[in-house]
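Just below sit the structures, each encoded as structure tokens.
The same subunit A turns up in both complexes below, where it pairs with subunit B and then with subunit C.
After this line comes the complex of A and B, so read on.
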């Protein structure tokens, strides 16, 4: 992993993100940008309007775009700069992004126009997931190949795996992978209809947890094989040492009580890394704050780690649940934690009802050699990524 | 390092043609230009009526076609399920969206939301099979299916899995057809729309198993020019040990519209001159995962050892088929090249 960029409710870019994490500054708050009747739910919005993002990116105001794309472009810009990739370089780079809502922010705004007149036809073409990915990619040049994962809340994590596999198989030497997703009325209402949104700030793993706060954002990571990185003279932040994807195969929206899918995903990732579970120094949990997820994920972690569960935190009380983008945003958080030697806190935690007990304060001066990052999606699309710190491992 | 070879063991379809059947090779249902829907099988044979009532159309098709493909392949439990869909479960998405836009943000029911995400189908198939293996869904326009296939092929090659079920699904509802017509994706003059539900079972070869063909090449390009496409095809043939004259033909996305004629005529002239053009959209219609039907049709040709007359553009009679290409350049940006041997 030789570069990354991240945008979420706690900041645009790595520096702002790092500051917020270390100082326990949550990005959750009252809905300000999304137009919805449901202002009772706190959310983690990126504190920028679409017009402000367009101005930052040099995109004309009248160009049809979606919020998912704009968030993605901001994150991708940082990732490319960080990894010193420009213009023509992209011709050799595969781009893989994850999203589920895609351009739904505009579709829900103009749906009746789509049906009844021709005023907003341009946004019919920006609706689908692939269109959003291409808008993000095309802003910077021509990538060698482009595709989109859509596995709900594990989309970005699965995009990372697919990209890694492109490298492993020799299809590509370098890939840019991650995901992007904005908050929409569509999924805010969807999650509300499932009664899994919390009216207070979310409290992952806490006994009183009552659901999710939605968030939004994007993160992209540059992965390349070691020779390619050496050839370009770029130093890796970390290595993707393992990954696991498994299906809970239990229910469309609920997790199995024993966390079968989560267990298998973590187990595969650790096995692929060639380490024992005891060598994992930190788990960035999926930890959405729903009753179901957190108990299921806790059960899965106990199956993997036994009595010695490593320090765990969910950073969703910082960013909100950034759904399809959460896999890459949280991967970026793990990279920051490794690089700056701290454990991010699990905010709003008061007490256990039997779930794992998370880290509640930022813990500084911690060497993190192996970090596990979990992302679980509807339908039991469970994915776990194992990151290895190269500075400690003497790359 | 030579990668493990990847074989096709079975494939099945639900589309505008006879369900779960290869009747289309001899006597296809004649497709009219304009809007077309899939021919539905008798679901009572496959799904309990009570259960079927809770499922969207696309999900029902998926369950049936996946079951048929697994049966044909003689596989009970695939190691992975990977799906491609351009637009996902459009019907459920529209129900939820329509209710929200017309009636406001109260009283919305969770069922349509739950069934609206793109990964609903792939994960529902896993739930039904209790398949805990790798599961993923790709949603990238016209190369959604090939992206899913690439993922599965790489995993078989590296031997992290033995078998995979790879699917392509898209439904076109009447209202969404109207929207896609407005942006010129569907409904051009002369063009017939269709729907796709395709399941393919692939795997590495093991003793005693009878594969239909191998997937000898699969490559995706973004915004390529003709020379890049030409060299991608020749590299693919070379590494597969296939001579150009051994290729029975190339499936191209001619869909009856003037736009597709200009696009694919240009492509033939610029990059694929030596191969006999074959068509499949005149049989199956146009949709985002039409290429899944192209893949299925190619597998049928390989199984039969011959390309049927209905797929041939200029020449009468069948043609022997030892190898076949599919070149998908439908949206003029994303290009996918597939070679079966």
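After this line comes the complex of A and C, so read on.
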């Protein structure tokens, strides 16, 4: 992993994100940018209007874009700069992005107009998930290939796996992978239908947890094989040492009580890394704050780690649940934690009802060699990524 | 090429629930399902009884690929009724069935099939298009057989399922497969 960029409710870019994490500054608040009647739900919005993002990106105000693609462009710009990729370099790079909501924000805004003016409304063409990825890519130039993955909340994590497999199979030497998603009425109302939105700030793993706060954002990571990175003279932040994906097949939306999918995903990732479970120094949990997820994920972690569960935190009380983008945003948080030697806190935690007990304060001066990052999607599409810190030679 | 098939259609014979009570009767989840999933579940149970394949562990070698024209409209309408009115609250149990591909999952979970699951919403029951989708599914080398067919449920009173098992013999014989599917659509109800 030779570069990354991140945008979420806690900041645009790595520096702002790092500052917020270390100072325990949450990005959750009252809905300000999404137009909805449901202002009772706190959310983690990126504190920028679409026009402000367009100005930052040098895009003319009248060019049709979606919020998902604008967030993606901001994150991708940082990732490319970080990995020193410019212009024609992109022709060798496969681009893979995860999203599920895609351009739904504009479809909600213009739906009635679609019915009347279907061939004249520019936002019909920006609706689908693939169109958002294309828009993000086109802003920077021509990539070798552009792919969109859509597996709900594990989309970005699965985009990372897909990119790694492109490299392993020799289809690509270098890929840019991640995901992007804005908040829309579509999924705010959907999660509300499932009665899993919390009217207070979310409290992952806490006994009183009552659901999710939605978030939004994007993150992209540059992955390349070691020879390619050496050839370009770029230094890796970390290595993707393993990954696992498994499906619960238990319910359309809820996780299985024993966390079968999560257990298998973590077990596979650790096995691929060639390490023992005891060598994992930190788990960035999926930890949405729903009753089901946190108890199921806790059960899965106990199956993997036994009595010796490593330090765990969910960073969703910082960012909100950024759905399809959460896999890469939380991967970026893990990379920051490794690089700057700290454990991010699990905010709003008061006490256990049997779930794992998370880290509640930022812990500094911690060497993190192996970190596990979990992302679980509806239907129990569960993914776990194992990151290895290249700066620590021996443990 | 098609040896085992089932056809259930509204207006002919007993209702889906009557068939369930009469022939299956021990899968409580049936009553949580939306009309499309109930139809697909019952058809698949009868089909697998006919195939006599219950004892085999199929794993990744069997997939479920189904097609229809009305998506999950039956459940979508039922769900929409729960949104109307000021005091209304959208029903979670109906919401989770507002996608047509849930039925493919129900069947795969019930029978521990780990192969491809997919659902296609098409303009109509066109045997040529169906055979194209079926043949294409076998591009996956691991797949040995497919529980597939047409399963349309506009509402509790209007439905039509033609479900069958296809195997790799269909590869390269798309026209023949289309003829067989067309012939089955002409036949009587069978369950």
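As a working rule, the second predicted complex is superposed on the first by the 390 of 395 C-alpha atoms of A that agree within 3 Å, B and C clash if a C-alpha of one lies under 4 Å from a C-alpha of the other, contacts with A are read in each partner's own complex, and residues count from 1 in each chain.
FYI, a contact is a pair of C-beta atoms (placed from the backbone, for glycine too) under 8 Å apart; a residue touches a chain by one contact, two chains touch by 3 or more.
Worth saying up front: this structure is predicted, and the values here are computed from it rather than measured.
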Side-by-side fit of subunit B and subunit C on subunit A, or clash: clash
Subunit A residues touched - subunit C or subunit B, whichever exceeds: B
Subunit B versus subunit C as contact partner of A:190, first or second or both or neither: both
Contacts of A:33 with subunit B and subunit C, given as first, second, both or neither: neither
Partner chain in contact with A:252 - subunit B first, subunit C second, else both or neither: both
Contacts of A:201 with subunit B and subunit C, given as first, second, both or neither: neither
Subunit B versus subunit C as contact partner of A:111, first or second or both or neither: first
Partner chain(s) touched by A:134 [first = subunit B, second = subunit C, both, neither]: first
First (subunit B), second (subunit C), both or neither touched by A:152: first
Clashing subunit B stretch [against subunit C; choices 150-158, 294-302 or 312-320]: 294-302
Doubly contacted subunit A residues - partners subunit C and subunit B: 189-190, 192-194, 249-253, 379
Residue ranges of subunit B touching subunit A (in the complex, touch as defined): 3, 81, 85-88, 96-98, 100-102, 104-106, 108-110, 113-120, 122-124, 126-127, 129-141, 143-144, 147, 150-151, 154-155, 157-158, 175, 178-180, 182-183, 185, 220-223, 333-334
Touch list for subunit A against partner subunit B, complex: 36-38, 100, 102, 107-108, 111-112, 114-115, 118, 121, 124-125, 128-131, 133-134, 137, 142-152, 158, 162, 165-166, 168-169, 171, 185-187, 189-190, 192-194, 245-253, 260-261, 264, 377-381
In the complex with subunit A, residue positions of subunit C that touch it: 90-92, 95-97, 99, 102, 105, 108-109
Subunit A to subunit C touching residues, read off their complex: 189-190, 192-195, 249-253, 379
